[in-house]
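Two complexes come next, and they have one chain in common, chain A, joined by chain B in the first and chain C in the second.
== the complex of A and B ==
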C-alpha cells in the first residue's frame, strides 16, 4: 500500500465530495422541503463553471477567481429565481410531472445555449499560483487547490448552518422539511419560500461551479454528470437532510477517488454501487424523515 | 378494465396505417427518421406499462433498450450469430436482468425508485462505454449484420411498424386483462390491494419484467433498423427522453407516449437537417408543452375531439355538457 498516494487520493476524494455536497445540499432542500424536483440543477453548475472560466480568462487567474466567486453565484441565484417564477410556478399544480418536463426541457435548452456561447471545446484555465502547488503537512504532500476547495466548502457549510438554525428563512425551510402542508396552513407564503430556496440552491451550485474551474476540462457533459451524482448523494443522504447529504457526498467522493487506485474502471460505477448498497439496507437513506418514503 | 376489442385497437391500427403510408409522402432521406420515431414510440409505450399503468416512474428504460440493441450488435458482429438467434439471446438475458433490477429498485418507492433504476442503468452505461475491447466503448459498434429481408430502408420501416403493432396489441390485451386491472389498482392504492389479498410487489415486479422485455424488443428492432449502436442508448439521458415522451404525450392515454415521441422526434428530425442547435428548440417545445399541458398533450387532444363531437350532436342534454366542462376545468 502506498500511503502517500492513498492520502492524496483521500484528500482529492474529500475535495470532490465537498463539490458534490455543494451541488446536492441545495437540491435536497428544494426537493425535500418544497417538493421541487429540478433536473436542471446540474446545468446551473455547468453554466457557473463556464462563466467562472470566462471571468478567469478575462481578469487573470487571481483576481478573476475572486471576482467569479462573488458575481457568478449571485447571477446563478438570480437566474434560478427568474426561472422559478416564470416557468416552474405554472406547473406546480400538476405535481411532479410538470416539473420533470420543464426542468428536462431546461437541461436540453441550457446545454445548447452553453454550446452556442462557449463552444464545444473543453475549457481549461490556469489555476491561481497560490493554489497550484503543494503543502507539506506531517510528511504528506497535499495539493493546495484541494485544501482551498475544502476551506471554501467549510465556509459555505457554516453559512448554511447559520442560515438553517438562526434565521427565520432557515426555520421556515426546516419546518417545510417536516411538514409542508402544515406550514402553508399556518399562513406562510410557501410560494415565496420556493423561490428563495431555489435561489439559495442555485447560489450553492454557482459556488461549486466556480471552485470547480481550476480542476480544468470544463465541458458540456458536466451538467448531466453532476446531476446524476447529486441525485445519488440525495438518495444516500436522505431526502431533505442537509447534513446527511454532507456525509453521503464525502463517502461517495472518497470511495470514488480511492477506487481508482484499485480499479481502472472505477469512478462512476463505484458511486452507484455505494448508492445501491446503502439503499438495500436503508431504503430511505442515512437520515429518515418521519412520514416520508 | 376495458374490453379488448377492435374499437380499442382502432387508434393504434390507424396510426400504424399512417406510418405505413409515410414512405409515399416523405422523401427517401427522411424515411430512416420516420423509422426511428416508430421504434422510440414503441419503447416509450412499453415504458408506459410501468409509468402509466402501474405508477412506477422508471428512469432506467434505456437499460433494456440498450441491452436489446447491444446484444444483437455484439452477437452478429463479434460472434457471428444470426439476427434471430441474437434477438432470442437478448430476451433470454433480459428476463433475469429485469427481475434483478426490479428486486433492487423496488426496495425504494416513488422517485427514489426512479433514481435507483437510473443508477443501475448508469452502471451499465459506464461499463459499456469504458469497455473498448468488447463493446467498442464510446464509439459504439457499426455494421450490424442484417438478414436479407431487412437490408433496405423500406423493409426496416415496415418491420418496425409490424413490431409496434404487435407490441401495442400485446399491451392492449394485457391492460384489458384482470392482470392489467390489478396493475391499475396497485398504482392507485397498493395498501388496499394488499388488504384484499394481492401482493402489490409481485405485480410491480411483473410489470417491470413486461416493460423490460418489450423495451428489449424495441432495442432489438433499433439495431436492426439503425445498423449501429452507441453507449448513449443505455445512458439515463435516453431513459429520461423516453420518460419525457410518456409525460409529454400523456401517461394516462394508451397512445400518449406515441404522441410524445412524434412531437419530440419530428421537431428534432426537422431541425437537425437544418442546424446543429436542435436541442434548444426541442427544450423550448418541451417546456412550452409542460406549461400549457402539464398532464400531457394527448388527454387535451382527446378533450378537444370530445368537445367537437359534443357540438355536432345537438341531442346532448345541457347536464351532460356541464359535466364535460366541469371535467375540463
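== the complex of A and C ==
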C-alpha cells in the first residue's frame, strides 16, 4: 500500500465529493421540500463551468476566478429563477411528468446552446498560481487546489446551515420538507418559495461549476455526468436531507477516487456500487423524511 | 361585536374530489359571524375532503366559495388565509421538524411576544413547550399547537377537522373550553366531527354529510341526555 498515493486519492475524492455535495444539496432541497425534479440542474453546473472558464480566459487565472466566483453563481440563480417562473410554473399541475419533460427539454436546449457558444472542444484553463502547487503536511503532499475546493465548500455548507436553521426561508424550507401542502394553508406563498429555492439551488450549482474550472477539461458531457451523480447522492443521502447528501457525496467521492488505485477504468461504476450497498441496508438512504410516504 | 346575521362563509354548488373521483357533490353551507357550525358524518363521508376543498388543500374543486364577498375557489391557499380562513387539519399536521414556536409563527414573517400572547393565554400549556419539536408532542398538545398556528393568522373563520379525534375525554373538555372562548372573541367556526357529543357541546347549528351530500339539520343530531351528562 502506497500511503502517499492513498492520502492523495482520499483528498482528491473529498474534493470531488465536495463538488457533488454542492450540486446535490440544492437538488435534494428542491425535490424533497417542494417536489420539483429539475433534470436541468446539472446544466446549470456545466454552464457555470463554461462561464467561469470564460472569465478566466478574459481576466487571467487569479482575478478571473474571483470575479467568476462572485458573478457566475448569481447569474445562474437569476437564470434559474427566470426559468422557474416562465417554464416550470405552468406544468406543476400535471404532476411530475410535466417537470420531467420540461427539464429534460432544457437539458437538450442548454447543451446545444453551450455547443454553439463555447464549441465542442473541451476547454482547459491555467489554474491560478496559488492553487497549482502542493502543500506539505505531516509528510504528505496535498494538492492546494483540492484544499481550496474544500475551503470554499466548507464556507458554503456553513452558509447553508445558517440559512436553514436561522433564517425564515430556511424555516419554510424545513417545513416544506415535512408537509409542503400545509404551508400554503398557513398563509405561506409556496409559489414564491419554489422560485427562491430554485434560485438557491442554482447558486450552489454555480459555485460548484466555477470551482470545478481549474480541474480542466470543461466539456459538453458535464451536465449529464454530474446530474446522474447528484441523483445517486440524493438516493444515498435521503430525499430532502442536506446533511445526508453531504455524507453521501463524500462517501461517493472518496470511494470513486480510491477505487482508481485498483481499477484502471470505470470509476463511475463504484458510485452505483456504493448506492446498491447502502440501499441494501437502508432502503430510504441515510436519512429519511419523518412521516412522509 | 359582529352582527350574527352577517355571513362569513357562503358555499354553494361545490364539487370536489381527487382526479376523476368526485367526493363532494353540490356542497352548500353558510356560516355566520361568531357562529359555530357542526358538520357531522361518519368516517369516509367526505368531511375532510370538504374542508380541504374550502381551504385549497386539494386542486380539483369547482363551485362557489365566498368569504365576505370575495370569491375563493380559484385562489391558492395562502390567498384564502389572507381573506380570513384558518384550518386546523385532522391530527394537527404540524411541521414535525420545527419547534412549537416555529410552528406557531410559520405564517407570520415578523412577530413579537405580543403576537404570541393571545395564543399562550388560550393555551398556557404551550408556554413550557415552546422549544420542543412538534414531532414529540402528545395528541392534545398537537391539537393545541394546530389551533394556535391557525389563530396566529387572525382568522375570521376557523375550519376544524375532527378536533376531538383520539383525545382523552378530559383533553376534549379542555378543547371545548378553548373553542367557546374563541367564539366569545367573535371567531366563527366550522367543525367537522363524527363525535356528535362533541358537536353538541360547542355548535350552534348542524349540517350532516353522507356520501358527499350535505344537508342542513334543524335539530341537534343527538338526544340532549348525554350532553347534560358530560356538562
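Keep this in mind: the second predicted complex is superposed on the first by the 291 of 293 C-alpha atoms of A that agree within 3 Å, B and C clash if a C-alpha of one lies under 4 Å from a C-alpha of the other, contacts with A are read in each partner's own complex, and residues count from 1 in each chain.
Just so we're on the same page, contacts are C-beta pairs under 8 Å (C-beta built on N, C-alpha and C of every residue); 3 or more make two chains touch, one makes a residue touch a chain.
Remember, predicted model here, so these are calculated numbers, not experimental data.
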Partner chain in contact with A:35 - chain B first, chain C second, else both or neither: neither
Chain B versus chain C as contact partner of A:116, first or second or both or neither: first
First (chain B), second (chain C), both or neither touched by A:107: first
Touched partner set for A:93, first chain B, second chain C, both or neither: both
Touched partner set for A:268, first chain B, second chain C, both or neither: first
Partner touching more residues of chain A, whether chain B or chain C: B
Chain B versus chain C as contact partner of A:228, first or second or both or neither: first
Partner chain in contact with A:172 - chain B first, chain C second, else both or neither: second
First (chain B), second (chain C), both or neither touched by A:180: neither
Shared chain A contacts, counted only where both chain B and chain C touch the same residue: 93
Footprint of chain C on chain A - complex, ascending: 93, 168, 171-172, 174-175, 177-179, 181-191, 290-291
Residue ranges of chain A touching chain B (in the complex, touch as defined): 37, 39, 87, 90-91, 93-94, 96-98, 100-102, 104-113, 115-116, 224, 228, 231-232, 234-235, 239, 265, 267-269, 272-273, 275-276, 279-280, 283-284, 293
In the complex, chain C residues that touch chain A: 55-57, 59, 76-78, 81-82, 87, 89, 93, 95-98, 102, 106-109, 135, 149-150, 153
Of all residues in chain B, those that touch chain A in their complex: 104, 107-112, 115-116, 118-120, 122-123, 126-127, 130-131, 235-237, 240, 243-244, 247-248, 251, 277-280, 282-287, 289-291, 294-295
